[in-house]
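Next come two complexes built around chain A: one with chain B, the other with chain C.
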Partner chain A sequence: MTDYFLSSLVLLSISAVLIVLTSRFQKISGGIFLFSLGTGCVLGLISAVSVLVHRVPIDYRLDFRMPIGEFYVGVDLLSAFFLLTIVMLSLFAGIYGYGYLKDDEKKNLSVHYALYLVLLISLMLVVTAKNAVLFLVAWETMAISSYFLITFDDEKEAVRKAGYLYLIATHTGTFCLWVMFLLMGQQAGSMNFDQMTLASFPLPLAGVLFILGIIGFGVKAGFIPFHIWLPHAHPAAPSHVSAVLSGVMIKMGIYGLMRLILIVKNFPEWCAMVLLMIGMISGVGGVLYALGQHEIKKLLAYHSIENIGIITLGLGIGLWGQIDHNEAVALIGYAGALLHVFNHAIFKGLLFLSAGSVIRSTHTGEIDHLGGLLKKLPWAGHLFLIGSLSICGLPLFNGFISEWLVFRALFDGVFHFETNALVFSSLAIISLALIGGLATACFAKAFGAIFLGNSRSIDNTHLEENSSLMRAPMLVLGGLCLWVGFFPSTMVSFALGAASTIASLKISPMAEEAIISPLLTVVWVLMILVTIITVLVLFKRIAMKFLPIEKAPTWGCGYSMPTNRMQYTASSFAEPILRIFRNVLGFNVTGNKPQGYFPKEEAISSHVIDASEDFIFRPIFQFIKSLSAKLKIIQFGVTQLYLLYIFIFLLILLIWKMV
Partner chain B sequence: MGIQILLHIGIVMILSPLLLGIIGKTKAFFAGRWGPPLLQPYYDIGKLFQKGNVYSITTTWIFQAAPIVCLAVVLVSSFFIPLGGLKAPIQFWGDIILFAYLYGLARFLMMIAALDTGSSFEGMGASREAAFSCLAEVVLFLDFIILALLSKKFVLSEIIEGNILSSWPLFGPVLLLVGASYFLVLLVENARIPIDDPAIHLELTMIHEVMALDHSGWDLAYIYYGGAIKLFVLGGLFVNILIPYHSLSSVMQTVMFSGGMIMLALTIGIVESCMARLRLNRIPLLLISAFVLALVGGIVVLVKGV
Partner chain C sequence: MWLELALILIIFLGIIILGNNRLGTMIQLFALQSFILSMTPLLVHPGIHAVIMTAATIILKVLVMPSLLFWAIRHVSIRREVQPLIGYGKTLILGGFFIGAAFFISSKMDLPVKAISNLLVPSAFSIVMIGFLLLVSRFKAITQVIGYLVMENGIFLFALLLLEKTPLLVEMGVLLDIFVAVLIMGIVVNHINEEFESTNTIHLTALRD
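Our next item is the complex of A and B:
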């Protein structure tokens, strides 16, 4: 099965080059893009699924020595699970992207297509690299290709700024990763992951590696407070790129942490504590910030932080189980985290793509300008609804299955742990419940304001549905949400396989059965729910044959001249919740109330301040800026002078060595 | 199991409006009136089932789907709790989460159905419902954690059967605290005084009722019926937690359970007669006090050890 994976990599690389070469002929390069994306992803899918089904990892070493590493890739169960997620989403987002962009005549799309393939290749390499240097090279390729994809609309200043912020953030993270991998390599005497796995790491070193990993991978994953790049970069990118960034690229941070756990194995207890804390803060913080957003893609970006929080809760409780030698908690926690990685990729991809359809049709993403789109864009609307129900973790949809697993691991933690872990698991359960409630509120707000009621400021009459090339991928993703929601056993068993790899455990079919069987009961109950719904619908249908049905305008509670602008807006919908949490959020409302009997025009506006951006990172960046301003004295921009600097530096090194 | 489920559905559907009737009678008694007959809620629902529907031209299918899903959800949620001598038909490891999240599904649909009408009053109701229910959910889960800790079980019906019984002598005060905080959640979830007044008709101050402002006929009947059943199911859970009757014979269990439910209806009626509705900005404080009550219970469990 290695052949499938490698041929997929080779095919994608060759096509990326071909697309650039044929960039004069957009039709041909577009065709190559679609063909290679389809074939490459299907090949990748086959190799991932076959590893997950047979539970036999595959290895491939190329006799190609880089300066300090080698080309060593392998698909173990953990890699396969992430590979599956990557190819699933990238395939559909790519097809959608082709439909989204193909009428854009101003831009050179071939470069965009080629970069998309490069991002896909680098993502596949990141999860399959078995050598630290290869991993970091792939990691860096991923960062740079995604930078160029984000800055597609580089004529806008906000996009350029977002891209720049992303570039700085990601390199700060990469720096920590270099240090981490060098420390690990030094301890193990090799940069290959399998040798590192054999080495033993003393607890203090494991703690240091963990901190470096949390910062390095956390920047990519978007842990609060390292998330500041995320709400800027994701909305700036074209929608299909946002889908890939949010759906899979930020998950590479989670993959990295899982790989770190797999390699180091033995962590001090506070590491699990830190992970749970990060999970709670990112989860609750992410969804609260999302409630305060007025722009649809920014709202979705903050929800990615929330979901990363949920994933981290699963990861944290899993790690705690592993440290405590409680196999069930470890397996269920990791499996919940992994399945949520997959599910989030699917439903967040779906949400970004349908938000993209809305933006493409209406040319705005401002929630408070929109309304009533369900009638005009039924495809995007209904698929957005499926995505919303899934992301809120509501039963019938896939989000519920993974949240159920995380909940279960946390409750098992409550039963089996000592006081410390018990308190943390209880707090995590409460946070997860709060996250669920707030997410429901947030998506009721987003879906309700965009798709229901009447349009607030935009003229809806001439809106048209998007092309079928954009609708089909969304339909498949929506179908996947329901598939996992109703037939969870396949994906849960895949996730359990990958979880057993992380925890370095063997999982017996019996144990697997014990974890999956309650979920099958859940499905059974949901079937009853669907049956009851059908019966109730039938009753009503029959009754409606004999009873009168009238159409009338919405009741205005006695007010006879309501306008569409008087509808409840998304901002007013979120206000009570934001007011409850105003002290945590920095929620402020500016403006005046109308005064007197004949009031003049007044305006009111509300904002949520992202504290880590304004109070942590802005001062740090300011400090660095002022520091580098002082260094300006030695900068003259003359090349000869820089050569002189290098010469002097070499001289100093030489003298230092001689002394 | 099929028969058990049908039996559960039957009992819940037949008896739940009675609870509202008892509450109404109690309130009337405190006001010095005769009040409507005990069976008035049945007449109300029956009347609505005979009426046609008026649909706003703004609405979509979501507006019609929400009442149906709400009723279906509350019916399904009744499967997880024992009703007197009747065992819960569905029990599995982790059903608590499904129980809580099913209500989430119903709530989500009700909120978007309210936004579907494009009426600003209904949007206001949905927004308030969203704010208060997410706090109530947190309290509910904290109560569940404490009960699960006491029983070492993760199955709703097993938590409330048998294990509660053995916890009463040792952890009586904890159960009382949990009961008190759960009672507040019950009031919030069912939109009763002091959180929300089902009887008032001033849109600006309403929460739950205002979301159903545009519903009529069968849809409204489904919503009222769903509300009655929700009170019955959540009330049934409350009675199961507070009255440790589970070791008695099944006839006695049924008697105790019915007695408990009547007591609950009387209590709600008395609370509604003696209290005014709280101002909206006070409701989060009430929920926070419910949270603190449960938290104190949790700390006692932790300190004392299970």
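Our next item is the complex of A and C:
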């Protein structure tokens, strides 16, 4: 099955070059893009699924030595699971992106297509690299190609700034990763992952590696407080790129942590504690910040942080189970995290794509300007609804399945663990429940304000649904959400296989059955409930046929002269919840309420302050900036002086070597 | 005995180059230094290898490169280094200091190969440092090239230590590299002159941010 994977890589690389070469003929390069994307992703999918089904990892070494590295790729169960996620989302987002951009005549789209393929190749290499140097090379390629994809609309200043921030953040992370891998390589005597797995790491070293990994991978994953680049970069990018960034690229941070756990194996207990804490903070913080946003893509970006939090909760409880030698907790926790990675990629992809359709039709992403779009954009609207229900973790949608697994692992933790672990599992259960509730509120706000009611300031009358090239990928993603929600056993079993690889355990079909069967029962019960409700609704429909039905405008509310602006806005909808958390969030409302019988014109606005951006990183950046300004005095621009610096340095080295 | 004499002469010529401000004289002095330098392989290990080295060095460093440099100064019509970064007196003093430092450093250094003469390593170091001093203290692009070439002469002396062990091909390659470098620098100097109407490298600071 290596053949499939490798031919997919080769095909994608060749077509990336071809696309650049044919950039004069946009039609041809677009065709090559669609063809290679489709074929490459299907080939990748075949190899990933076959590894997951047969549970036999495959390896491939190319006799091509780099300094301290080699081209050594392999698809084990963990890689295969991520590979599956990558190709699924990239395929559909890519097709959508072609439809999204194809009428844009100002830009050189071929370069964009080629970079998209480069990003896809680097993502595939990141999850399959079995050598640390190859991994880091792929990691950097991923960072740089995604930078260029984010800055597609580089004529806007906000986009350039977002890209710059992303570049700084990702390189800070990579720095930590280099240190981490060098330490690991030194301990194991090789930069190959399989040799590292055989080495044993003393606990203090494992702790250091863990901290470096949390920073290095956490920047990419968007853990609070390292998330600052994320809410800027996601809205700046075109929608299909945001979908890939949020759906797959930030998950590479999670993949890295899983790979780290797989290699190092023995961690001190506080590592699991830190993971659970990060999960709780990112989860609750992400969804609260999301509630305070007024721009649809920024809101979705904060929801990515929330979901990363849920995934981290699964990872944390899994790690704790592994440390405590409780196999069931470890397996279910990891499986929950993995499945949520897949599910989040699917539903967040769907949400970004449908948000993109809205933005493409209306040319704005401000929630408070939109409204009543469900009648004009029924496809985008209903698919957005499916995505929203999934992200809230409601039953019969895919988000429910993975959150159920995480919940189950946490409850097992409560029953089997003692002291610290018990406290943390209970706290995590509470936070997870809080996250679910707040997410539901947030999507009630987003969906309600955008698709229901009447338009607030945009003229809705001429809006048209987007092309089928954009609708079809969304439809498939929506279908996948429902498929995993109704028939979870395939994906859960894949996730369990990958989880057993992380925990280095063998899992018997019996044990697997024991984990899946309660889930199936739950789904069955819910399906019966839904059937009953559907039947009742249909019955009501039929019964209503015999009654007169009157049609009235939405939001009549008994006013004699209503205007469209007399509706709930997204901000006013979220205000009561935000008020409760105002001290944590720095939520503040500016402006005055109208007073008296004949009030003057008043304006009111609310916003949320991102604490880690304003109070942690901005001061740090300011400090570094002033420091570098001071260092600038040695920068004269005179070549002779630079030579002098080199000369002095050489002399010092010589003398130092002698002493 | 003869080798020591040659080495001392080479250092002296280096000092004289350092104290000179006429570009033409500097090039002639460099040619003379290179000529003495080219004799050293014959003094160290007489043989066919050494003869080829000597011949190649004479052709490149004594004949071709100086004439290239003369061509360059004729073309840009500059005769003197007018305003050095560090004055001539100070450069000479610094040069003396560096030669002392070179002797000190090489007395402390552990070499994998036994040197033929006690003077060989210190003088190689001295010449490298004098070349570097030229690079650092002068502004005219031509002087920079000369500084670079003088430094290369020092490195050549180092290579004498390993004359028996380095294959001829490697040495020829090095010589070819230097030749190409000088050729390119000559052209670049010309272009700098055309662009800025001066070969003063201080104008290049316009690129500073």
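Descriptive notes on the structure:
In this text, the second predicted complex is superposed on the first by the 632 of 659 C-alpha atoms of A that agree within 3 Å, B and C clash if a C-alpha of one lies under 4 Å from a C-alpha of the other, contacts with A are read in each partner's own complex, and residues count from 1 in each chain.
Just so it is clear, contacts are C-beta pairs under 8 Å (C-beta built on N, C-alpha and C of every residue); 3 or more make two chains touch, one makes a residue touch a chain.
If you're wondering where the values come from, they're calculated on a predicted model, not measured in any experiment.
Put chain B and chain C next to each other and count what each touches on chain A; the higher total goes to B.
When the two complexes are overlaid on their common chain A, residue A:Cys392 makes contact with chain B while staying clear of chain C. By the document's definition of touching, neither partner reaches A:His171: not chain B, not chain C. When the two complexes are overlaid on their common chain A, residue A:His54 makes contact with neither chain B nor chain C. Judged by the touch definition given at the top, the superposed model places A:Val537 against chain B, while chain C stays out of reach. In the superposition on chain A, A:Phe407 makes contact with chain B only, while chain C stays out of contact range. By the touch criterion defined above, A:Gly372 lies against chain B but remains apart from chain C after alignment on the C-alpha atoms of chain A. By the touch criterion stated above, A:Gln640 is placed in contact with chain C alone, chain B being left untouched. Contacts of chain A with chain B, set against its contacts with chain C after fitting on chain A, share not one residue.
Those residues of chain B whose C-beta lies close enough to touch chain A in the complex are 5, 49-60, 62, 68-69, 71-73, 75-76, 79, 90, 92-95, 97-98, 100-102, 104-105, 107-108, 111-112, 114-124, 126-128, 130-131, 133-135, 137-138, 140-142, 145, 148-149, 152, 154, 203, 213-214, 217-218, 222, 284, 298, 302. Of all residues in chain A, those touching chain C in their complex are 635-641, 643-644, 647, 651, 654-655, 658.
Considering their complex, residues 371-372, 374-375, 385, 388-389, 392-396, 400, 403-404, 407-408, 411-412, 414-415, 419, 422-423, 426, 429-430, 433-434, 436-438, 440-441, 443-445, 447-449, 452-454, 517-518, 521-522, 525, 528-529, 532-533, 536-537, 540, 543-544, 547-557, 562, 564, 566-568, 572-577, 580 of chain A touch chain B.
Residues 85, 101, 105, 108-109, 132, 135-139, 201-202, 204-209 of chain C are the ones that touch chain A when the two sit in their complex.
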